[in-house]
Structures are given as C-alpha cells and as structure tokens.
Amino acid sequence: MKKIEAIIKPYKLSEVQERLNEIGVHGMTVSEVKGYGRQKGHTELYRGAEYSVDFLPKVKIEVVTPEDKVETTVDAILKGAHTGSIGDGKIFVMPVEETVRIRTGERGREAV
Amino acid sequence: MKKIEAIIKPYKLSEVQERLNEIGVHGMTVSEVKGYGRQKGHTELYRGAEYSVDFLPKVKIEVVTPEDKVETTVDAILKGAHTGSIGDGKIFVMPVEETVRIRTGERGREAV
Amino acid sequence: MKKIEAIIKPYKLSEVQERLNEIGVHGMTVSEVKGYGRQKGHTELYRGAEYSVDFLPKVKIEVVTPEDKVETTVDAILKGAHTGSIGDGKIFVMPVEETVRIRTGERGREAV
Amino acid sequence: MSRVISRLKALLVTLAAMGAMAGPAQAQEVADAIDTGDTAWLLVSTAMVMLMTPGLALFYGGMVRRKNVLSTAMYSFIALGVITVQWTLFGYSLAFGPDIGSVIGGFSMFGLSGVGGQAQGTIPAALFMAFQMMFAIITVALISGAVAERMKFSSFVVFIILWTTLVYDPIAHWVWGGGWIMSLGALDFAGGLVVHISAGVAALVCAVMLGKRHGYPAEPMPPHNLTMTLLGAALLWFGWFGFNAGSALGSGSLAATSFVATQVATAASIMGWVTAEWLHRGKPTALGVASGMVSGLVAITPAAGFVTPLSAMVIGAVAGVICYAAVMAKGRLGYDDSLDAFGIHGMGGAWGAVATGFFATVAVNSAGADGLFYGNPALLLKQLTSVVVTVLYTLVVTYGLLKAIDAGMGLRVDHEDEIMGLDLSQHGESGYTM
Amino acid sequence: MSRVISRLKALLVTLAAMGAMAGPAQAQEVADAIDTGDTAWLLVSTAMVMLMTPGLALFYGGMVRRKNVLSTAMYSFIALGVITVQWTLFGYSLAFGPDIGSVIGGFSMFGLSGVGGQAQGTIPAALFMAFQMMFAIITVALISGAVAERMKFSSFVVFIILWTTLVYDPIAHWVWGGGWIMSLGALDFAGGLVVHISAGVAALVCAVMLGKRHGYPAEPMPPHNLTMTLLGAALLWFGWFGFNAGSALGSGSLAATSFVATQVATAASIMGWVTAEWLHRGKPTALGVASGMVSGLVAITPAAGFVTPLSAMVIGAVAGVICYAAVMAKGRLGYDDSLDAFGIHGMGGAWGAVATGFFATVAVNSAGADGLFYGNPALLLKQLTSVVVTVLYTLVVTYGLLKAIDAGMGLRVDHEDEIMGLDLSQHGESGYTM
Amino acid sequence: MSRVISRLKALLVTLAAMGAMAGPAQAQEVADAIDTGDTAWLLVSTAMVMLMTPGLALFYGGMVRRKNVLSTAMYSFIALGVITVQWTLFGYSLAFGPDIGSVIGGFSMFGLSGVGGQAQGTIPAALFMAFQMMFAIITVALISGAVAERMKFSSFVVFIILWTTLVYDPIAHWVWGGGWIMSLGALDFAGGLVVHISAGVAALVCAVMLGKRHGYPAEPMPPHNLTMTLLGAALLWFGWFGFNAGSALGSGSLAATSFVATQVATAASIMGWVTAEWLHRGKPTALGVASGMVSGLVAITPAAGFVTPLSAMVIGAVAGVICYAAVMAKGRLGYDDSLDAFGIHGMGGAWGAVATGFFATVAVNSAGADGLFYGNPALLLKQLTSVVVTVLYTLVVTYGLLKAIDAGMGLRVDHEDEIMGLDLSQHGESGYTM
C-alpha cells in the first residue's frame, strides 16, 4: 500500500475530490496546512507596521491506496489541482506497511 | 521505527489516549482533520439553500514507536476507537528511518 | 527522497525557518498540532472545576528533500528548535518514493 | 413595588375624587398624564431589557461546546419570537388584567385590547405593557441555561409557551399585577421572585428531568469562546440598568438610586466571586468575573429600589460568594445544570429576596418598607413566605409540564444527534466555518 | 409622517399668528420649544440608529466567507465616515433645506449653517439633523450586502458619495423634506421608501451589474460565523427601536405605539420565516431567525406609527414568509445578491409600504390616514404610486452611476484578488490570526 | 465645563438668595429641581459610558495575540469591579467633595454619605455621582492598552486602586470638582485632561517601565481578531455619545450640539487616519478605521460642547493624522506601548485640549469662552497650562507608584508565563476552545 500526500491550493479541493471520485477513490483525509515555497506571500498592515506573511494557506490531501492505483490517483490529483501558476503544490508518494479498518479489523487492501 | 497514523472519531480521543497510556505509550501528536469516506456527511441549510458537507471532523493520531511495539499499539488504538459503526476510521503503519529528540539530540529508540 | 517531519514549539517556527533558509531549503509545509509527551500540560479552571489539559500546542514542519541533504536539514532544525527544556519535540525521517510538482509535472529531485 | 405605589395612588385619588363627587375623568387627569421624561427613560429601558435576551444568548453560547453554540443561542432568540406573540395575545392580560381572586388576571385585554397610547401612571399603557413583555421573554430564556446541549428545540418551544402561561403569568400577577403577594406586602422591586427564582427553580427541575449531558462529568466540556461570554455578560449588565432602574417606572430619584444600587452590587459581586475563587483555586478567572457580575445583578434585582449603596455593596459581595459556593456544590449534588442557571439565578434571586428583608429602608424609598436591620422583622417574614411559595409553585407546575411534554414528544434529542451537536442536528447549521 | 404633522402644525400656527398680526417670534414660541423628555429620547434614538450600522457590519460580516469579513464590514464602517461628512457639508441641506419645486432642497444650509441648538418642533434642530444623518448612513451600508466579496473598496466609496447625493437626498426630500410624495399624502413613518426600497433596489442593480462572485453558485459559500450574524441582528433590532419609535420625533404615546408595533412585527416575522423554512426544508435555523428578524423590522418601518399591534403581527408574519420566498426565488432568477439585500430590504420594504395602505388607521395616529381595511382605498393608491416612482427613480439613477464608475475606475476587484479574499487584497489585513 | 456653569449658577443663585434674605430652601428650589427629561438622558448616558469599558475590553482584546485575549479584557473588567468600590467608598468624595485648598475634596462624603436622590442641578445627586464613576473606571482601563500581554494581574489591581486615588481623583477635582484648573478657566468639556491625557501619559510611563514584550519588535504580533476590535470600537463610539453629550448634564441644546460635534469629529478622524495610511502605505485598513474612530472621539472630548460642526470636522481630521503619525513614531522611539494607549489617548487628548483653545466659541456655548480663532489668545494659554501640569503631575506620580509596586510585588509576569500567554498563566483559562 502507498500513501499519496498532496499539498494543493485550497479552492482546488472540490475539483480534486471530483476527479478522485471519478477513478473510484472514495476515501481520503484532508487537513488545513500552511505552505512556504516559491509562491511569494503577502504583506499585512497593522497600524502602519508591515508584516510579511510567507506562509500561505494550503490543503493537504492524504489518500492511502494499493500500489496498482497509485499512478491513476496521482494523475487524478494532477488534473484536479493544476492551474499552471506558481504554488500549485506537490504530490508525495510514501510506503505504507499496514492498513487497518477500525470498525471491522480488516487489514490490507480490504481496509481502505 | 514505525509511525502509526490513526484517523478516529473525535470523541474517541480520550479513550484511545487512555489505552495507549496503559500499554506504556506516553508520546503522541494529534491533529484535527476532515475525513471523507463511506460514512455519509450531512446537509447544511443557509437561507434555504442546501449544502451537502461530505467532510466530517476526525482526529488524526500519530505515534512513532519501535517495531516490537507496533502490534500492541495498533491493538490499543483499535480497542479505544472502535464503536462498530461506519466511520470509525483507519490505522496506517509506515516506516520511519530516523528519529531525533530535539532537546538532547538522542536518536533512535531513545528519542521517542 | 526523504520526508523530514519535525514537531517543535510554536514560537520556534521562525527560527527554524531561518535556519532552513540558510542551508538552501526554500520549501516546507507547516501545520498546527497538539502534542502529548513528557512535558506536562496545564490546568484550566471553569467555574471552579479544574480540567487538566494534557495536549500542548505544537507545530509540525514537513520538508521533503533529497537524501544527501537530510543530515544538514536535520541539523538546521535541531539548531533552530532547541531550547534545552522538556517538550522541544522530535524529528522523524521517512522514505518518500515519488515526488511531483503539480504545476509542471516534474518528478523527483526537480519537483521539490 | 413602585408599581404598588402608583396603583395605590391611582386608587386613592379615584376614591378621593369620588368622595368629592368630582368626575372620574378629572381624577384620571390628576393621576395619569404622560410625562415625556419618564416616557423617554421607559422607552430606553424597554429597548435595553430587550437587548438582554440576545446578551444572554451570547453569555450562554460562549460557555457551551462549539458544536452547540447556535442551538444554545436559539433557545433565547426563539423566546423573543414566541413570548412576544404569547404576551400580545393573552399573556399580558393574564398577568396584568383585572384581578380574579388575587390569583390571575383575566382575558379581558386579549390582543392588547384597550392597551394603547393613553397614560398609565406617567407613561403610555402600551409602553408599560412592552416593558413587562421583555421581562417575560428573558425569564424563559434564562431557563435554557439548564437544558443547553441536549433539549429538543421543538420541545423547548412548546415548554416555554406553556410555562410562561402557567407559571410566569400567574406569579407576575401575584407580585405586580394586584395578586396576593402584592397584598401581602412582600417587596420585589424588579423581579427577584418573578424572574430569577422562578427561572432558577424551573432550571433545576429541567436539569434533573433531562438528565446529564452525554459524557458529563467525565469528559471535559470547557467553554468554547469566553470572549463571547464576556460580551454577553456586558450586554446583560448594560440592559440590567433598564431592568432595575426602569422598574422605577419613571425618570427621577428612584431610578437614580436603583441605578446606583445595581452598579455597586454588581461590582461588589465581581469582587466577591473572584476573591472566593482566588483563595479557593489560586486564580481569578474571566469566567468568574462574568459569573460574579450576573450573580450580583440577580441578587440586587429585588432590592434595587429599597437599599442604600453600602447595603447594595454587601448584598453584592455576599451574592458573589454564595453563587460561587452554589456552583461548586453542583458537582457534589450530581445534577447537570449545564450553565448554572439554578446556581446563579435561583440562589442569587433567593438571597436577594431575603436580603431585601434585611436591608430595605424607607429612608431610600418611602413607598417601600423597613427591613430587619431597620427594626422591622415583619418584612423578612413576608419575603420568606413569598420565596417559599414561589419555589413550591414553580417546582410543582414545571415538573408536571415537563412530564407531559416528555410523554407527548420527548424532551431530549437522540443520542447520535447529541454527539454530532445540536447545531447540525436541530438546525442544520454550523456556528463557524473557519 | 409625524414630520408632516409637525411641519403642518408649524405652518398653521404661523399662518394663524400672521392673521392675528402677532409677531412670528411668539408663534415660534408656541410651536417650537425644546422639551427635555422629547430631546432625551431623540438623543438616545440617534445614538441607537448610529449603532445599527456597526450592527449591520457584523450581520453581514458573519455571512461572508472568512477571507472577506473585514472588507464586508468596511463597507459599513466607511459609510459612517463618508456619509457623515457628506451630510454635514451639503446632504442635509439637499434633503431638508427649503424646498425647490417639490423635488429637492437647496444648498442654503451648506455646512449646517443655521442648524444649531434652537428648537425645531420640540427638539434641537441639530439633533433632528443628526437623527436624519444616521438614516442616510445606514441606507448606503444596506446596499453593501449585494456587492460583498467582490466590489472594489475605492469604487464603493465613490459610489456611496454619488448615490447618497443623487438618490437618497432627493427621495428623503420628497417624502420627509416637503417634496411631492409628502404633498401627495403617502405615508412612510420611518423609511420604507426612503431607506429600504431605495437601498433594496440599488442592491439589485449592483448585484446584476457586478455579476456573480467567482464560483457562485457551484461552490458552497456558507456563512463563516453565524454567532457574529446573530449579534449583528440583535444590535439591529435594538437600534431599530430608535429608528422607528424615534421617528415619532418625541417621547410619548406615538413613540410607545410605534415601539410596540416594531416589537410585535419583528417577533411575528421571526415566526413566519422560521415556520416557512421548517415546513419547506425540515429545520428551523439560526440564520432564519436572524433573517426573519430583519425582514420584520424592515416591513414594519413604514407602518410603525399607524397600525395596531395585531395589524403589526400580521404585517410581520407575512413579511417573514414573503422575504423567505424572495430569497428562495433568487436562485432561479440567477443574479447573485450575496447577502440578499434586495430580497429582504427591497421586498420587505415594498410589502411594508403597501401594507401601510391596508392597515393604517387614524385610531392609532390621528395625524395618519385610514387604509383600505378601514374603508379608504385612496391611501393604497398613494402608497403604490410612491413605491413605483421610488423603484423606477432608484433603478435608473443607480444604473447610470454604476455605468459611469465602471467606465472610470472599474467596479470589481481583480480575479486573483477575489480568490485571495478582499481582506488581504483591499486592506492588507486578516480578520483572524488564530 | 458645563459643570462649571451649573455650579457657578448654583453659587450665584445661593448668594443672590442670601442677599435677598430669602431662605436657602427656596433658592435650592430655583437652582435645583429634578427634571425628568434631563434625568432620563443622564440615566442613559451613564449606562452608555459603563458599556464603554467592556467595549474597550473588546477593542483591546482583539488586538492582542490569541493567548492573551482574556487577560487583556480582564484589565478592563476588573476595573469595573475595583473602581466602582473605590469610588463608592471614597473616590467620589476625594474628587467632588467640598474643596480643600483648590487641590482635593475631603472625605466628608465617604461611603456616598449625603449623595442620594436629591437634586443636584436638574438631576439626582446619586446620578451625577454614578455618571462620574464611569469616567473614573474607563480611565484606568485605557491605561491597560500599554501593559497588555505582560503585566501581572495582581499588580495591575493594586496599581489602579492607587492610581485612581492619587492621580485621577485629584485631577478630576482640579478640573471639575472646584479645584484650581476650574478656577483658572481652562475648558475641558468631557475629559480631555482628566481622562485621556492622564491615561495616555500613565500608559507611556507604564510601557517604558515594564519594558518590551518578549520578542518585540522582531516577532510579528498581529491582532488575533479584528472583528472583535471593530465591535469594541463601535461600542466605544456608541457609549461616547453618553460620555460627551451626557457631559451637558442635561437634555437640550447643549447635549445636541455636543452630540453633533462628536459624530462629525469621529467621522472626520476616520477619514483622516485612513487617508494618511492610504497615501503612506497604499491601503486603507479596518484597524485604521477603528483607530481613527477612537482618535477622533478622544480629540473632540474636551471640545465637544464648545465648537461648531465644521470646527469639529477639522479637529477630527487633524486628530486622525496626528495619531497616525504618533503611532508611526513609536517604532522609532523604541518603547513598546502594546496597543498605542499613549499614541491615541495621550496625543489625541493633548491635541483636543489645545484645539479647544483655538476653536471654542461662545456662539455655541455662552458658558464657554472664545478661542484664538475667535480673537481670544488667553484661552489657549490656559489650555496649554492645564495640559502641561496634567502631564507633569501624572508622569511623576505614576512613575513613583510603579517603582513602589515593582519593589513590592513586581510588575511583570515570569518569562515562561509570558510565553505561555497570560490567559493560562494568570487566569487558568483559554479564550477559545475551538
């Protein structure tokens, strides 16, 4: 099993979700994160003092999936999240050694 | 070393924490996430417009632990988080190659 | 490629960020988490009822980086996050099998 | 009490006029003419008391868990809708209509018939009605503190309609509308009995009959937003000037002295509560300040128009300590009054009603009476009688009502819905989408 | 309407005085002397109406997405700055200066020249001016509900200066300043036409001309903080007592009956809206309570001083249902009025203006008129005429203004800036840094 | 100033009465009889000024970091408790008791002895006392802006008791209670000297003596919740109408013109601040609107009852720019006045006091004086004198007090506690549990 982590622009989440649904991925976990990278941040002003904010709001998606579905999953995310402008984000693929469904105790492929 | 990631129902956190304490796990990192899966979401109403909210609040627990404690840890989480109804969540086990305690610089088993 | 995850004290974030910049790491993802460990929590009082809060606010930093930069990255985080008092946090290193930049589709080293 | 006077005065004038064979119209002119200043103060007071109910919604809303913030506020907001309609249709008539047997008003002022712009005392009758309306509204909203996080919204709506009709309206009649407590001569300046004791006791009955919130007390249920609670408490304080000083039913000396008593007692109660918790738990808290504030406001309510500033200070300081102790005791007694509606309104109101029996003095308000400390033990007895009867009546009727509603439609939300939170399950909304 | 009376009265007295060869100074004394009670109520009312604009900022601010909360509030807050200056310099003069051709006041009171502490009716002239100022401010702030989350701040500032000058000031003059609608005899107690219909229609034009928010309606845009919206609604309600009952321009019977009508209609409208959505969608919501509240307040505004409490109850209940339906219809009509400024203020205001033609009765206010239900169809016709002309005039001028501003400086923020949120892009700030 | 008049008037009447051998009782009747309208306005004003302190708690609370929101609010809320008690026991007596050597009142009105419902001017004495009480409360709360995020709660409590007694009470006596500044003839309508300059200067001393917050200025410390700050600013504005127009001590022309001056100056100051930052930094901000608002309110405070609307506009606009500049300068001067209590209240108050010397005119208030622009340079000199002495006195005594408290119990929380946040470390609470 593999875990695919994608860091994307927040407003692209629903599009990515749709794309994943299309290819039969019906489970994922999402969280709000802050990203720092080439995309430059912005400046905030409070009583004339300028603060530069480097961290931008991003959404992290985690999908655990069997090896044979990794490529289609990565592709789906790529299609859903792509805008072509800086800050579109990253996809990382990582090994998962065991998966368990808490409700049933099922393991491996059955669990996700 | 392994990292055990569990996605559970939020109100089960304290029970899981207790179970983990019982088996001697005294360190973990927790975060709020949104989950999407078989458990169906709910509908929200704002001025008569219906929004279906698919993402449900979940809690993610991360425990890094030596290999020999993985099974007991997974079991403890299973016991603490299980309700038997859809949406109980998942447990994933992943390899960790190095661990460091920032305060002391200790590495490996000593670090967690 | 490796993913370096660090759990640190929140107010140390900007220092860690600087240290990472110094060694040429210009991308990372950050999130707010709650940590449970040796550092003891605090007690809250609401109408005379005491609640003990075990989970402390921490910040999680994730940096994906090529193998040859892992050690310098870990060192940079260590320097930036170290205070010497309990609760300074942990660094974990994990394998990453694939990385993709969503904007360009670049993979591997080019992607981060 | 000031109401007692103005009514008595009107009566006397009428009798005198009749004795002198003067036409009633002329007597009316003497007794009742609108004063623009009195009316201005009552217009504002009425608006201020209205604002207390949203203030309460915030005060309570901040104290619950995030998932229940809207449902908690909704109990108060719906009271503004429902009770206004009840009061307009028949509630006012029941409470303030011509007396029937010292027990209740009739239906003769149904739909506010005859309640228009004409003078009643020195203010328009319609304004007196509106001022009283706001009291009825906030009373049922106060009860919601005990049922928060688990009572069905629909059942709450049914409950408050019945409770206002069967508990509030009669008690208001007894105390202010010409009923037996008024005849007895017990003092309740702005609603210690009518509002706080009745609401507090009803809250206790609700808490016991609904049972504990799921997870209570094992699971911590800290307030989700104390800044909201502080804001709500501040709006309550602001509005309470209208509540207490507006109960003078005019602008002048009595309004001013009631205002001062309100301010001093509230401040002293903050100090009382905060000192108690500082000594007891080692830290003064913001929730303690807010709670002490409300405790003091409650306790001074029955007394505001009858006591000196220094007496108000004592009443307030003691209120802060008593209510703190009452809230502490809850843990040991084992019921789950989610937001301490009984501990604060029931206990604070009872203390205030009794304290009036000690501290009242005709030096402050010649239309009042002297209390025990001014050499008159009789008043204390009257105060105690009125408290005991109010407690018992409220207890019995509230219990009966809840039993009936429980049988008919259930009181509590489903277990699943409670865990999900009442905002989503009852109202299909989330308080925050951050 | 009460203004009509006081002005007519002043006129009559002056004429009578002239006829009697008495000096105008003496006549003035009879007609105009400051009453401290009336002044007290108007001072408070003016402050309360001021508070409505920040209340609106919260009401609206809670309904947008988190990234736009400050920019949404800023539309209201900047109106407090900009319109106060406009009104002081020339706006008041245009609206209430000596009439020119039944259409507009002149510039003779530029810079408030001659508007000082002297009596106008029974209150200081400066106070009447300030009370009216608050109406002008909130009217433009209401419009912002339609442009939220996408209109450029600078363009909004320019727009409100021009719109107040070219739309609000003339309509205020027509209805209250001695213009043709006043002469016609149509009734608008506190601003159904002047405030709500004009703002509602302008909002519709803005929504259509700005176009939809990016992502609307596919992307869900739920309110980010409904507790803020509830608080804002509560402040609106509180302030509205000043708005409506203050429009009696004095403290007394008329203020009291307007106050009661306001309270009853608002409560009934809450019940109307909530019942509608409960039946239609299965759940009563907190946003529904807040929306019903504002709908009722809007609808009773033109009628408050002319109707009985039971009529107010009907007007309110119907308002809740009508506004709910109007908001539902928006989806099908396809424009994006972000926060339903048209659905609530336009529709609610129109219903209120028409309802006045049905329910008004001289039994409540002898200076008013009887409506259709009291046997006088003429009033209804006048009401309809005034509504139609106000709608058309507002429509045309608002359209022209927006076209011009669009050509000159653009109406909408850049696409990128809209996605990032207006708080950051327009103001360089975040609402929350939690 | 209006106080000066009413007191002088009372004095003159008494003298005249004595000269004519008329009984003092009769003279009293002429000078002092309660007016219900005046009393109504002062009742409301007092409640509104009370509300300013919670408003300030929100204004300040929104500007700090999340971990310090409650502790920041607590400084204000505890002032409501502590200073009310101080004022009731002896503070009022010190400030307004019979004059001793033009410097201080005595202890003769200890515990409000003799301060009851009897008339003082046209309002009850107890009400005048309560109105003044609210000023004493908010003054110390204002100072907390400079100490936020690091001062020990217990030390703050001790500090405000001493500071009110040794700084506020004397200055209030000098200016309003019959002391030397009153005799001098300097004008301070509603507290430019007494409230804002004294609080602003004390804030500066506190900021310097406490030292910078840990991490300042390297670490960014953006406001955690600007919607809370906006709400707080709005409540301040609302309450300030009571503060300024209530200082007329009655309802009528003077209250109305003060009200208008307050509104116009505030709006102009918003425009001043926002324009300055728009030109200087490229963007108009919500915090700028809130800050400009308060700056204008501060600056018009001493002048409100003496200037025309157009003068108020100039005073406000300049205040916005001056305070913006003062806040900018802080960075260069190197002290850490967390929330700019000095930059806004000290500088704004000083500007207002001086501006009164330029813009005051007897055309607006015959009991005032003409300023420089109306041909009278003497007033400006008096204003400057009063400012300089107030600044110096406050500086010296505040410094001494802080030194003493620092020696006795320390001023600042531990380093660890500061990092953890004062909410947890001082009060054991979290503002939000989301």
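So that you can tell them apart, the chains are marked A, B, C, D, E and F in the order they are listed, and the count of residues begins at 1 in each.
In this text, a residue touches a chain if its C-beta (ideal position, glycine included) is under 8 Å from a C-beta of that chain, and two chains touch if they have at least 3 such contacts.
The structure presented is a predicted model; accordingly, all values stated were derived computationally and were not measured.
Visitor: Both chain A and chain F are touched by which chains?
Guide: For chain A paired with chain F, the chains in contact with each are C, E, in label order.
Visitor: Counting hops between chains that touch, how far apart are chain C and chain E?
Guide: 2
Visitor: For the homomeric pair chain D and chain F, should the interface be classed as same or different, according to whether the shared residue numbers exceed half of all numbers used?
Guide: Comparing the two copies, chain D and chain F contact each other through largely different residue numbers, since under half are shared.
Visitor: From the C-alpha centre of chain C to that of chain D, how far is it in Å?
Guide: 53
Visitor: What whole-number Å value describes the gap between the mean CA coordinates of chain D and chain E?
Guide: 34
Visitor: What is the distance, in whole Å, between the centres of chain A and chain E, each centre taken as the mean of its C-alpha atoms?
Guide: Going by mean C-alpha positions, chain A sits 47 Å from chain E.
Visitor: If I count partner chains per residue in chain D, which residues reach a count of at least 2?
Guide: Each of 35-38, 40-41, 44, 222-223, 225, 231, 251, 281, 283, 285, 287, 427-430, 432, 434 in chain D touches at least two other chains.
Visitor: Can you list every residue of chain A that touches 2 or more other chains, as numbers and ranges?
Guide: Where chain A meets two or more other chains at a single residue, that happens at 31, 44-46, 94-95.
Visitor: Go through the chains and record each pair that touches.
Guide: Chains touch in the following pairs: A-B, A-C, A-E, A-F, B-C, B-D, B-E, C-D, C-F, D-E, D-F, E-F.
Visitor: Within their complex, state which residues of chain E touch chain A.
Guide: It is residues 215, 219, 419-420, 424, 427-430 of chain E that touch chain A.
Visitor: Can you list the chain D residues touching chain F in their complex?
Guide: 35-38, 40-41, 44, 48, 65-66, 222-227, 230-231, 234, 237-238, 241-242, 245, 250-257, 259-260, 263-264, 266-268, 270-271, 274, 281-287, 289-290, 292, 308-310, 313, 364, 432, 434
Visitor: Would you mind writing out the residues of chain B in touch with chain C in their complex?
Guide: 1, 3, 17, 26-31, 64, 94-103, 105, 111-112
Visitor: Under the touch definition given earlier, write down the residues of chain C that touch chain F in their complex.
Guide: 11, 14, 42-46
Visitor: Touching chain A in the complex: which residues of chain F?
Guide: 220, 222-223, 277, 280-281, 283, 285, 287-288, 291, 324, 327-328, 331, 340
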